[in-house]
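This is the structure I want to talk about, given as structure tokens.
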């Protein structure tokens, strides 16, 4: 695997510009895993000043997509088939980090799980996700 | 319950302006259910020209929030505790509709399920969600 | 589709005898849906006298399997890829009913949702599930 | 925390005898985690000779219950509110192991995740779950 975060972010800007502009980036990756960040944006919070659930979903979904790319290459047509999010505690006051790890890459489906935390506080997950992507034939 | 979609949309613009501006609206509601729309935006699609998974999550999450408000009033601090999305088929070519129905409103948690389809094609769900919100004490 | 509940129950006894003996049965079915029952068994309750979560999962999983058979015929090697259960209220005092409806049957995956209630009280769901089965090639 | 697997298994036999007799046991535990086993039983397999999904759900649910007890003591009335299972590959040929880790223990809800594998092959998860229990007031 020769992918770099830089390549994934270039691809993201190209294929998914609205998401890229909203502050999502790949920050690190390796065989079977990827880390992504959402840059804190005080204008995009939910009541209470919390990072919204959909922002956390977006980061989880994206981190898992990136993790799959480390196994099958950049494949924009890999699409989520299911995703479950558990929201554990208020997410606030900093950049959001999501780290996806693949649990299985099959021929048709790739499964993984994603931990989310506020940068600098990795010990206290703010959310946790698991899901699967369908891999194009 | 005297809530109207107009009131919920005013609240949305106030409490969650980025989401309101991105084209999400309450369109209908009744005791224990609510319908919401995302206005099709060709600049916000994912590779393939599909409506992205996070957009569907956002609409599902929002429709469920609105449905809960029909039971407990507008309560911005009701927060999602978990949400599962199943993505069934490509969502494309029109406004996205989400209809949430509550399955249980308890003292601490409210559960519901959400059907999503492209406006005009309600027979073919594009996604399906289920989840729960924690209700503030 | 010529399947009958009787045929499915015969198959269940043959393929899955421990489950059949534990009191699970198909009770009704039609194109794209199936209903199954678990016969109340006071010796198999959890603390509080409630029907256990795993019993509800088993019934949901089975009802969805049966619903898929109404579309593709009896196919024992269809296996669950994911299932989410929401437990809404205590399940007690009667037979458990599960009704699965397919939301999508694709070439590789079949998705559906399942309502569970105590027989005679269909208005008050005790649990709700959604999930997918992988269909053998 | 002074809990031992022995105490949990005694409790299981007392409170949940059918489950105990079906071969589920706590095998290890520590602050915030627990491991449980299901003893392989060739008479309880699904078509294909695989360990059935409901058996995996049961072990996941139980391991998470035990993990919660390491934080709040044995509390039979802690009940599952939601659980998502991802089934990754066929589970066969040995005892099933489930290891639950808590991700958050709140006042009202405790969340955790559960890895499942065949004894001796921990590197290849057969299933993965995440869920929450409601803690009695």
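Going in written order, the chains are labelled A, B, C and D, and every chain counts its residues from 1.
Here is the rule we go by: contacts are C-beta pairs under 8 Å (C-beta built on N, C-alpha and C of every residue); 3 or more make two chains touch, one makes a residue touch a chain.
Source: prediction; values computed, not measured.
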{"item": "Most distant chain from chain B, judged by the mean position of its C-alpha atoms", "value": "D"}
{"item": "Gap in Å, rounded to a whole number, between the CA centres of chain C and chain A", "value": "33"}
{"item": "Rounded Å distance between chain A and chain D, as computed from the means of their C-alpha atoms", "value": "28"}
{"item": "Overlap residues in chain C, where contacts from two or more other chains coincide", "value": "81-82, 84, 86, 132"}
{"item": "Touch-based graph of the chains, sorted into line, ring, star, complete or other", "value": "complete"}
{"item": "Chain C-touching residues of chain D, taken from the complex the two chains share", "value": "15-19, 43-44, 46-48, 50, 52-54, 57-58, 61, 76-77, 79-87, 90"}
{"item": "Footprint of chain A on chain C - complex, ascending", "value": "81-82, 84, 108-109, 132, 134"}
{"item": "Sites on chain A touched by chain D in the complex", "value": "84, 86, 88-89, 103-104, 106, 111, 113, 125, 128, 130-132"}
